[in-house]
Structure formats: C-alpha cells, structure tokens
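After this come two complexes, each holding subunit A, first together with subunit B and then together with subunit C.
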Partner chain A sequence: MTVASTAADAGLPDYVARQPSGFYRSVNPGTKLAVAALEVVAAFLLPGWVGPLLVLAVVLATAAAARRLRGLGTIALTTSPIVGSILLVNLFLLPGASDPIARLGPLAPTWSGLWFGLQTVARLMAFSLAIGLVYLTTAVDDLLADLARRGLGRRAIFVVGAAVQMVPATIERAGEIVDAQRSRGMDTEGRIWRRARGVLPLAAPVVFGALAEVEERTMALEARAFSAPGRQTLLRVPADRPVHRAIRWAAILALVVIVVLRATGRLG
Partner chain B sequence: MAIELSAVRYRYAGASAAALVSIELRLEPGRVVGVAGADESGKSTLCLVVAGLAPGVIGGRLEGSVRIDGVETTATRPHELAQHCGLLFQNAATQLSNTTATVFEEVAFGPCNLGLPVAEVVGRVWWALRTVGIELLAPRDPTRLSGGQGQLVALASVLALRPRYLVLDEPTSELDPAGTLLVAAALARIARETGAGILLVEHKTDVLAQIADEVVVLERGAVALSGPAATVLADPRLVELGVEPPAGVRLERAVRASGLEWSAALAEAIE
Partner chain C sequence: MDFLMRWVRRQFTTRVIVLMPVAIAINIVLGAAVQQWLKLPIYLDSIGTILVGVLAGPLAGALTGILSNLIWGYLLPSPVGSTTIGPFAVTAGVIGLLAGLWGQFGLFRPRRSRVASVLGAVVAVVMVGALALYTYVRAYASPDQFSVNTSYAAASIDQSRAFFLAVMVVYVVLVAWALFLRRDVGAVYAIGAGLVTGIVAAIVSAPIAAVVYGGVTGGGTDAVVAAFRTGGDSLYSATLKQGLLSDPMDKMITSYVVFFIVGSLSRRFVSRFPNGDRAIADAPNDAHEASPETAAES
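The block that comes next holds the complex of A and B.
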C-alpha cells in the first residue's frame, strides 16, 4: 500500500491532508469503532439496567463534550417508531406477565411488560446512540482510509462507504419524489391512513431508481480502474496516537471479557 | 494507433435482436468523431462496446473486432482498458465514487485504484483539473456541484487515468446551455492540448459542429451516414434519421427557403 509519508512531501493540498480536530472527533476511527462495539455488547450482555444505563451515560457525556448532543437527539427521534412499537407490544403482550396495571376491555397492560419494554428500549437507544456517535464524529473518508490501512479489501471499503454516503442521497431523492407525487395530486399529509397510502408510490421509485443506477455505477467504477489488482494508494491516513491504541485495545479486551463472562454464565 | 471497429455486431444478454450491426469505425488520436442518432439507435451501446465494457463487464455477445491500438478489447481486463480508453456517462451523479470529501480526492480515485505513488497521483490530479479548467473546484464537495460542474469533475476523473482515447456518452444531455458551453469548451481544449482521440455521442449537433472532425449517424444499430462533420451535418437526410441539424444549417435552409440569397460572407458573420 502506498501512503503519503508527509502531506508536504507529496504536495497534497491542506484540505486533503487535513486531520480532524476537537474532542473525540480527533480520535482514530478504528478506536471509535472498537469503543462503539464494546458499548453495544455491554448494552445487550450486561444484566438488568446496568449495561444500557452505563452505556447511555458514557455516550451522552462524550457527545456533550464533543458538542454532538443535538445530532444524537435527531437519531433518537428517528428510532421513535420502533421504540413505540416495542413499548406497546411488551406492555400488552409480554408472555407470562400477570401483574396488570389496569383493565382496558380485553386488554391488560402489565407492570412487568412495561418494565421489560423500557429496558429493551434502553438497550436499543444505547445501541443506536453508540453507533450514531461514531457517525457524528467521524468523516466517512477518514473511516474508510483507516479501514484500508488496516488491510480491509477495496470492495468491502467501497460497500461501507457507498452505503453510508447513500443515506443522505436517498433522503434527498425521497424528498424530490414526494414533491413530484404531491404535484400530481397525491395527499401525503394529514391522517395516518392517508400517509400510509402514499408509502408505495414513494418507496417504489426510490427503490427501483436506486436499482436502475446500480449498473451504471458499476460500469463507471470499472471505467475508473476499480478492479485493478493490488492495494489502493492512500492519500492520507488518520492519526493513531499511542493513547488511541491503548483505548482501542482496552475496549477490545473489555468486550472479550464481557462475552466470555456471559457465555460462562458468570454475568447472570 | 487507433480504435478500430470492424464488422461489429453486439447483442445484449437476454435480447433477441442485435443492438449494433455491421459497425465499421475508426478513431485516431487527436481526432474527434461525433455520433448522432435518434433514441434507441445504438449510440450508448456503441460507447460501451468501444470502451470494452460490453461484453467485458455487462456481458452479451460481441461479433467482429474491436481493437484499441491493435489489441482486442475482449482480451484486455477492465482496469487496463480504463487506462487506454476513458468512458464518461450522461449522469454525472452516478459517476461519483461516493467515498470522497473533495473534488481533488474524487479525481484521484482512479489513479489511487492503480496504486500509483502519491506524488504521481497528485501530479495527475492537478493536470486533469487544469486541463478541464476546474482547479478552483478542487476543495469543493463533489456531491454539491451544479450539473455542468459535476460533469466536468467526472471528465477530469476519467482524464486522470491518462487514456489515449475518450468515449463520451451524451455528456451535455442533462446540462443547461451554460453547462453545455462549459463542457464543449473543455472537450475542445482536451482534443487540442492532449492529442486524445474523442468519440462524442451528442444530441446537440451544434456541439458536434463546433468540435467534431467527422460525424457518424446511427439508425437501428447501423451506420446510416458518416463522413466529415460539415458534410454529414448538412445532409438533408439528417431529419429523417431523427437528428436535428445544427442552428447554422437550419438558418441557411430558412434563408434559402424564403428566397433570399445565402452567401459565404453571411455564414461567416453568423459564425
């Protein structure tokens, strides 16, 4: 793999040789991924409330210091439909629950259902916010460059990068399609059943349009020597300081310990 | 040294009819060959065949011979072809790698794929940006450009591989007049300064009249007209073939039809 020894040696402009700055944003992307993996494992494998609440506290404190709380709030909001459905299902349908809060005709919400639902929601939030914090504090190209440096193949890197970058592009395209459908008289606002009726005319063009582009994108990549053998040249590699490496290995070690303790039944 | 197509017939995988039949074509370095034709006449297919992506990447059945500097495209791997013959598509957005933060890095994507030393990548990127005339765009986000700028970035990205030939599939089709002028001027400059052979598929015959040396008109996958650009673009059969003649030709016809005299001095003044 060819890597620029220094930006100045290679004649790279500053905006290419840039290194991220600021709390947590300057941490090596691989380290952030390792920490996020530990947080996800801890949220799901540590028993009771300890795991999810501990992870949420760490993630929120880190986000506050990195000034990314608002972004995390948006991510939390996007999970609200799943959160709502988890709460409802567990509140009314948790198997074996027999401690009703009240009777609503044939339905009986239970305390244990509510408790279990809230705990599941806490785990889900810990999971999504831990991943969201990596997304909010890491430039995609920094992440890809770091993965490439660690030996991940160019196809795998491209899939990761294109998938992440596709999110805003798809949202933008969906907005255009909604506007186009509205201009043709489709009602996309108001009551929920009206919105539901508009899902198919929205989803079909988004999905089929993306699929139709795949062939052209594939050919465009081949026209740019994507399938050339050997390692890609990396114009810039994110910094990986000793403290980043120490945190990364500590996170990996803690992750392994949690998994082993859980597998051997010592975590309850 | 040339791209040579001889008795080419190509059929897409799963299709019953051939998309190209009996194609004979020659593109030499430093020449611009324009390709025109109605929709579904085989123009885009011709681009894919010339660049070796059909059948190399998308499959299908190719008969006849497609040679780039004497080497059959079917015997060459896609990344090697990319260094001989660059291909630009209609839609600038689908040509972005979607993995870069700046135009500089986007243009560097191809040379980086080749594993070239960083200093050479940097040199090639600046050369491509200068040649296309978009050095000032280098720090910009490639996903936040106008259509014309995006197409120029895509063009620079292809150029950075230093191909001897360029195949351009309607590069101005999604551009407004200002964007079309930008791209046409860049193509004229590339042809003049780099000596690359350019195969330019284009609906806008004014662009062809401006920069093409020769023009080929396709009809149902076959060559219906070919020859020097000025001759073909003034051919009265052009309209029947679904191609609108350039504005200069239409004006001349209108002047003559109204009984006025068309003079060389008038043509020069209009140009």
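The block that comes next holds the complex of A and C.
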C-alpha cells in the first residue's frame, strides 16, 4: 500500500495527501539530498576538470529532463558577481604565474590565472547548481516532512519551517522601515560614514518588530501542546520507493569512497 | 552526564525555539538589507545569532548560526537566497557558540559606570588590545616571515599595518563612545567580545573562502583580497588578512548593536530566557526600558 493511498484512506483532503509528480520531482527528498551531497563532494575532491564537468553534465541533464533548466539559469545568473570576481582576481593576480597572455599597462593577465579561475568557477557552478536543483524540485514542506519521518525532532522542524515562512514577511517589513526612515532623513546614498549612521535606525525597528511576536507565538505553541512528550503524527509522508532507497545508499557509498580515496592520496 | 543533558535542555525552551526562527530571519534580512540599501563593507548578518547566543546559550547560538546560513544558502529562492553563504555555516556556528559563552560570562550586561566596573573595563581593554596586537603582529607585521613565505620584498607590510590601524581605530572609537557618551562600561565588554569573536571568525572562514571560492566571494571585500595578492600573498594568507580586517570591525559593530537591543528590551522579557538574568542590569532603570512592542513603536 502506498503512502498516498494510506493518506487518502484516512480521509485526508487531496491537497494534503497529494504526492509530487514528474521526473526527479517525485524522487524522495532525502535521496535528492544524498545525491546533491555526492555531487558537491565530487566537484571539489575529484582532480582537475573531471569532477566539476561531470557534475555539471549530470545536473544539467537532470534539470532538462525535469524541465527546470530555466530556474537553474536564474540561479546561475545570481552567482555572476562572484564568477566575475573569481575570474578577474585570478586572471590578473595569481601569485607565481609567469605566462602572460598580453601586457595591459601595469597589468598582465596570465594563462595560469585564467585556467585556475575557470576551474574554480566550474567547481562553484557545479556546487551551486547541484544544491539549486534540489531546491527547484523539492517543496520545503516535503523536505521537512521527510526529515521528520527520519527522526528529526519537532523543534528543529519548527525552527526551519518558521524561519523560511518568516523571511519574506520580514523583508517586506524591512522595506517599509527603510522607506519610512528615508522620509525622516536616513541617508542611503551619501558618504560611507553617513550611511553607517543608518545601521541602528534600520536594525532596531526590524529586530524589535520581529521580537514583538515571540511572546504571542510562545503562548500559541504551548497552548497546542508543543512541549508534550511523544512522537507527532505525520499527516503526509513523501514516498520512498525501493529505487529511491537504492539510489540514496549508492550515493552515500560513492561519497564515502571518494572521500577515502582522496584522504589516502589515490585521487592525486 | 545528567548535568550536561540538563544544560543542553535548558537552552532549548519553547521560548528559545520561537526566538530562533525570528533570529534567523533577522540575520538574513539585515544581512541582505545592509548590502542592498546601505551598501556598507560589513556583513551585519549575525545580529540574530549573537542575540540568541547571549539570551539562550552557546548551543542555541551555534545552531541558530548554522541554520541561518544553511537556510539562506539552500532553502530560499533567488534573489534572497545566496548559495555562496552556505559553506560559511561553520563560521556562523562558531560565532553563535562564542556569543553564548560571552552571554554566560555576563559580558552583555549593562553596567552604568561604577569604580569597580571602570577598573574592570580598563583591564578588559588592555587584555583585548594585547590579544588583538599579538594576532595582528603574527599575521601582518613580520617582514622576515613575509619575505620567506612570499619571496617578495616586505613593502606591502605598510599596507597591512594601515589595515591593522583601521581596526584598532574602530575599536577605540566604539569604546570611547560607550564610555563617554553612553556612560556604560558593559558596552566595552560587549565590544571587546565582538573583537575576539571577529578574530576567531576570520581564522575559521579563511580556509573556507580559499578552498571553496578561490578567495573571492563576490562582495566588496574582494578588492582587499586582490590588494593582498598583489603584494604577493598566498591565497590562504590573503583571505585570512582580509578576514582579519573585515570580521573584527563587523563583529564589534554587531555586538554593540546587540548590546543596545538587549539593553532596550524589558527586564521581564529578557529574564524569561535561559541566560536572561545574566543580560539584565543589576538595578532596574525604568527610563531605559521598553518591551519589544514599545521599543518597536519608538
């Protein structure tokens, strides 16, 4: 009997019982986390270009099959400032590099710097996109439900879930505070010490506003037996098929093998 | 063992569990806001972490820091989410851990000036100054070591000394402000705690920045790393020096902001947290008190 049918049999509404569908999206969140961990370790521990390029190929192929390439492109774009920095700093300033591509006045970009910079960028992209793919194909609720099923405590689940929900509301509030403080003369465009004076007028209302909810939320949780002993009943548990379990254990095993080979110097 | 379990359990009351996501949101939003709106070369992304550490304890602080970076890095969509922040979860954890220790030692307690407190502050200033001086001398001001490591002339030592001077000037200005304008010796301890936290954070985050990002993180501090590498520093050395410039200043300012926030909250609110009694002034001073609600309105 599947988890979904169990939930349906229990009389739960469809929006609670429904499981994610589609390629990779339907894979168990824990399995996706294990695969992402393997990809991150491979990108950094496999020597030279092999690790990052292999990981990038796997991630991009999976994203294409799951129709998540556009989202992955957005994530890649957000890393462009750091990519630019890595390339520029290494291109011009790699210590010990003595193979100039050209002379640009006092600056001399080098082939070694370009090579090292590109390799670092490939590792960074492999790392970012592997994690990004998990985010794009997994609802936070599903991830938390799966972690709860695996024994993560209700306190940890509450902290992560509440934080994710709270950030957008706090951002909106911070925007309102900045607008209000600007209208009162807070300088966000002037010299650095004038901008620095805006730290307290910005930080204090954001912090005090957020803390004001702590007492109410504490009482609300206690009224709902948050501290009561015993396990919670989970209404919805993400599917964990045998093939998902097999992939998960294979990923964990591969991760351990890579780490051991690297530690013993057999990966170069 | 039983004592250890009690110590751990004491830090995770329902009130602390509620405070932690609030603190994580504060970290993420203020960290992003300072970069986006104020465009300052500091991070200010650990106010919530230090607040939880001071009020709840080392483990709660460490967990808040680690979760902040993991959520910021991997669970929030762009443009708020930033995968580059994730690997620094280790640093954030250490910051929370240290903040918890400072909270248990009562370093964030307001102390309106008394003779004993002033003497204590002088001792604290001297000790922290000596520690900072030792660290910077080891990292920056050894021409022999510099030349041996890099085979460059020791000319860029002057640049390093200028950076060291900048950090110490910020420390002295903040301490003077606390002593003479706010007349609160407790702020001196908090700023000193921030200085030590910043130095430790720099040491912890340097290898992460060097290994994961090749020394650059896409922020304004990359220019500083580039400057050190121009002087012939290795990748690790350049990121460590950049960290030793940025982190102490950031953590001193952050600690001062947290000290101000804790001192502005009502005694009733603060004392309900596990370490709350170590963060409130000995004698009530109604003129400087406010509940979170009234503080928000002001």
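Everything below uses one rule, namely that the second predicted complex is superposed on the first by the 190 of 268 C-alpha atoms of A that agree within 3 Å, B and C clash if a C-alpha of one lies under 4 Å from a C-alpha of the other, contacts with A are read in each partner's own complex, and residues count from 1 in each chain.
To be clear about the criterion, a residue touches a chain if its C-beta (ideal position, glycine included) is under 8 Å from a C-beta of that chain, and two chains touch if they have at least 3 such contacts.
The structure presented is a predicted model; accordingly, all values stated were derived computationally and were not measured.
In the superposed model, A:65 makes contact with neither subunit B nor subunit C.
By the touch criterion defined above, A:141 reaches subunit B but does not reach subunit C.
More residues of subunit A are touched by C (comparison of subunit B with subunit C). In the superposition on chain A, A:170 makes contact with subunit C only, while subunit B stays out of contact range.
Shared-chain residue A:127: touches subunit C; no touch with subunit B. Legend: residue contacts after superposition of the two complexes on their common chain; A:234 is shown touching subunit B, with no touch to subunit C. Within the superposed three-chain model, A:246 lies out of touch with both subunit B and subunit C [touch as defined at top]. Look at A:225: by the touch rule set out above, it reaches subunit B but stays clear of subunit C.
Across the superposed pair, subunit B and subunit C both touch subunit A at residues 140, 158, 161-162, 166, 169, 213, 215, 217-218, 221-222, 226-227. Contact residues of subunit B toward subunit A in the complex are 48, 51, 53, 56-58, 77-79, 82-83, 86-89, 91, 94-95, 97-102, 104-105, 108-119, 121-123, 138-139, 143, 157-158, 161. Within the complex formed with subunit C, the residues of subunit A that make contact are 44, 74-75, 77-79, 81-86, 89-90, 92-95, 116-117, 120, 123-124, 127-128, 131-132, 134-135, 140, 143, 155, 158-164, 166-171, 174, 178, 188, 192, 195-196, 198-200, 202-215, 217-218, 221-222, 226-227. The part of subunit C that touches subunit A in the complex is made up of residues 12, 14-15, 17-22, 24-26, 28-30, 32-34, 37-41, 44, 47-48, 51, 63, 67-68, 71, 73-84, 86, 150, 211-219, 222, 225-226, 229-230, 232-235, 253, 257, 260-261, 264-265, 269, 291-293, 295-296.
Partner subunit B is touched in their complex by these residues of subunit A: 1-4, 9-13, 15-16, 139-141, 144, 154, 157-158, 161-162, 165-166, 169, 213, 215-235.
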